[in-house]
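There are two complexes below, and they share subunit A, which is joined by subunit B in the first and by subunit C in the second.
So, the complex of A and B:
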């Protein structure tokens, strides 16, 4: 017999559930509206940073679904981001329109996700991490050697002229991509919000925290994990496509770069995995920090972001979100000491 | 015949390196269930340590014991101060912590040593070669293979035949039960990471003999180490050697037949296929299921 997971939730509080969606949605829409007007005040550099921030936010939320809510540290993200970028670029230079190119790339990414998701999601513990990492690396090596459809490890021509918006001036072009990335980021937030407050999200967290118990309650764990994996992969693919169109050049090693995925994971961990607002906080914090340190001190950025990860794991494993939900007492010395001791081997 | 022999000889170097690296990596994964990304930093530190000892006038192979001793201490401290604090948490915490630590150490190395390649001049006795069946076996390759064999044997003896080794095995099976019979679990954890770091140091030291030291040298090998570890499986001291042999021969064969660019892809595919059929690896025993 299948138990409706909805009944796991406090029974009969329909309207409370509604407001728990309506309130964040309202905040989200207000923020989106305000951010849509940002190009009016930002210069070209500011706009580029804002576009990057939106891209990272969308990526962070897509990883948050699989890594935060499902608790599966998937390193297959580069495969989907990269396929989104490369496949769309190949379609574009062969004369397909921009929307068709994005859809073809999406379909390809989803097929890859389906192909690798079904077997890898069965793996336990670190084996899943390693398997997904190898999927990314194998695909990167394969694409690197690909020589077909005018693609040789990269697209030598700038694809901007194929995007179909090149008639726009550079300012309008950047504004177009800012709004596109913003749209993707808001959509990603909305997907996570819908997920967070639905019975699927609840079921997924149950699987994450205790798969045996979830299965005993009748949660179809394997199917749900696969659906989330596909959802997350599809989002990553679309973001990859959009960023390739925005930047205009596609190079395999950059498109399939593990580094971006690691950065995104750091952001999600920092802000608070498995939460709606956590990744947004993480993205803001890390990008702000990068701006403060500046690009000329690359190794300093590396050391600082490493230190942040170490400190957050040791002292606040729930992420900065804890400070938001519990107030300043979450950052009190006593709490930090408790956090350090929580998982320590006795 | 001589081509096949040459492929095997060429791969001896890689097999030796991978086997030593995967041995230490499998140790900490198997016993502590931590996927130690900072292992890359340990390799790098070992490499620079050997390079500095060589600059002081020590023979690069004689420097290995010193490097290993130093890395043993580094591993102990890292486990004691950092990794001990996430042992009972979800395993993503361990990955995140060691990833952050790796960033810090590699970043500091970039600052201290600069990204420049640091190489050592090979001593004369490592330069020659012997010709067997029309294929050349260089002394350096033979030395690395012998070192891998010696370290594997040594680790096997320590884990399988000594009292401390049986304490490590007991802790890996069930930390709570181990505690009940009087094993100091935390000390065992520290010791295991220290051993693992010493092996990483040995790998770094050998890499510096054969190639050169850079801050990113460990990161470059982490993927191969992961492949070898999964191929060989956890829970058997022979696993890393077997996994390294499979990957090493495959890599050399693919590189000779199709070109080196396909080598990683073939290795990764090999692991993915193996995981479908035998989730515990070639020689692995099932310990950690969740």
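So, the complex of A and C:
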């Protein structure tokens, strides 16, 4: 064990580890600080776009945990986003305070995640995808037919008067929700950062590659996957609650919308799944694309942005993050040919 | 004290008993060769011992403790480690991180921090002859390198008993010799070893004791000399020379194809 002590004491080793967390954390805090000042320069429209971007970033990172790091393409996210919105709305219209509403919704989402995760996380690949999709759709239909606590599933609920900050002027209201979403986004980034550099992040990545081999080396794979699923669900629920408060109305089909989750998945894959900065790049890229194309060619936005996404994924399936670290050759024609060969279904 | 003991260990898949009432024991410090014709149930047997599969019947005791129903990761923390027949490197992380996993999660008792895991991984890589390659991707390793990586991962978990599932398969003669040297060196450092292998000369040269499985049952057990002289074993396993040659040729073609 002498070597052990020697190696541990070698100068710089400990520092290197520290900087591997400290450096990204510092960047994160600087970006957060700068972004916190954005309302000073942005108009109402700009602030709305920025709030949306923060919401998507928080969602992307919450999905990145389960979909990127654990490699489990979960379509249960709408169930948690939707429950976060609907359960909080029901609490509000029944006179509960805003914080209690968020916590009740969170508890409910976590219970659903526990019930759903325990059986489905044993499933492999496509079976897991389909099972989680069914959970989301089943829950949406259940809520659509729910008629209780003054809530009628299909009818949209106006909660803006119940949200504590409704007395604020529109500018202060917008600023409040921008800072709330920014806080959620930064918190989500911090959670992923903590995971990325820890033993648990390493364990998740190895489970993704080979669960049996990871278990043989002492990783409690089933439990770790469940914990990550719960964490991801809890984050999604809080974001769902926050966005319901921000928009001020809750409509079941929108709250449980698969479309938002699909957009989020595209962002994560495009930027780089299972990485810290990839989802941020993906969110920025897609929203920017929509803004740019949306203004000039409003009627073909979806088609064009879809095409661009397909092209990028063809050239670089690991996402834009890989292109940034590898340089221009990551987007070369040669790489396209390699990828086509590697991913061809035969 | 006996390190590992099974009694009546059985695994059925529907009507087929892949492992059928096997009594097996390993004493501390032994190297045990586990041999038997293809389909004898060797890998299933090791799967049962390491918790990759749970037995239909029978008991497993490790260091006096009943581990029959323990999950794979719990047995690993008690000091059982294994390699897989087809190496399973974690392709998404570096070679060093592959090994760090064993140090972080496979050790009994106290928690190992990231810095210490890094140091332990470096030591383990050195022991298997992969020193200085920690930063590389696993995809750059040869078959022999991947097998070494599997061993390093196990070593980082500081095992008492190490199972090798065909450690020599796919290796060239030089690599076979190096692998056998590694097995002997690990054993000399105090690790008890059980290994499945088809290269009979290698099994005989390195094992203290040989355990023969056929059709899921124990066929024979003894020193290498006793096993070589055993008529039943010769008939079941070594006797059918022509068949064995055909089988190994078919296996080579499968691997090549």
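Following the convention adopted for this analysis, the second predicted complex is superposed on the first by the 314 of 346 C-alpha atoms of A that agree within 3 Å, B and C clash if a C-alpha of one lies under 4 Å from a C-alpha of the other, contacts with A are read in each partner's own complex, and residues count from 1 in each chain.
Please note the rule applied: a contact is a pair of C-beta atoms (placed from the backbone, for glycine too) under 8 Å apart; a residue touches a chain by one contact, two chains touch by 3 or more.
Quick caveat: nothing in here was measured; it's all calculated off a predicted structure.
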Check your understanding: Which partner does A:144 reach: the first (subunit B), the second (subunit C), both, or neither?
Key -> first
Touching partner for A:220 - first (subunit B), second (subunit C), both, neither: second
>> I'd like to know which partner A:203 touches here: subunit B for first, subunit C for second, both or neither.
In response: second
Touched partner set for A:172, first subunit B, second subunit C, both or neither
neither
### Query
So, A:22: does it touch subunit B (first), subunit C (second), both, or neither?
neither
* Asked: So, does A:31 touch the first partner subunit B, the second partner subunit C, both, or neither?
  -> neither
Winner on subunit A touched-residue count between subunit B and subunit C: chain B
* To do: State whether A:274 touches subunit B only (first), subunit C only (second), both chains, or neither.
  => second
In the complex, subunit A touches subunit C at residues 3-4, 7-8, 13-14, 17, 198-199, 202-203, 205-206, 208-210, 212-221, 274
So, in the complex, the side of subunit C touching subunit A is made of residues 50-52, 71-73, 76-77, 81-82, 84, 88-93, 97-98, 100-102, 104-107, 114-120, 122-123, 153-154, 157
Subunit A partner, complex, touching residues on subunit B are 29, 33, 35, 82, 84-93, 95-97, 99-108, 110-111, 175, 185-186, 189, 223, 226-227, 229-230, 261-262, 264-265, 268-269, 271-272, 275-276, 279, 288-290
Within the complex, subunit B is touched by subunit A residues 67, 71, 73, 116, 119-120, 123-127, 129-131, 133-135, 137-138, 141-142, 144-145, 211, 262, 265-266, 269, 299-300, 302-303, 305-310, 313-314, 317, 340-346
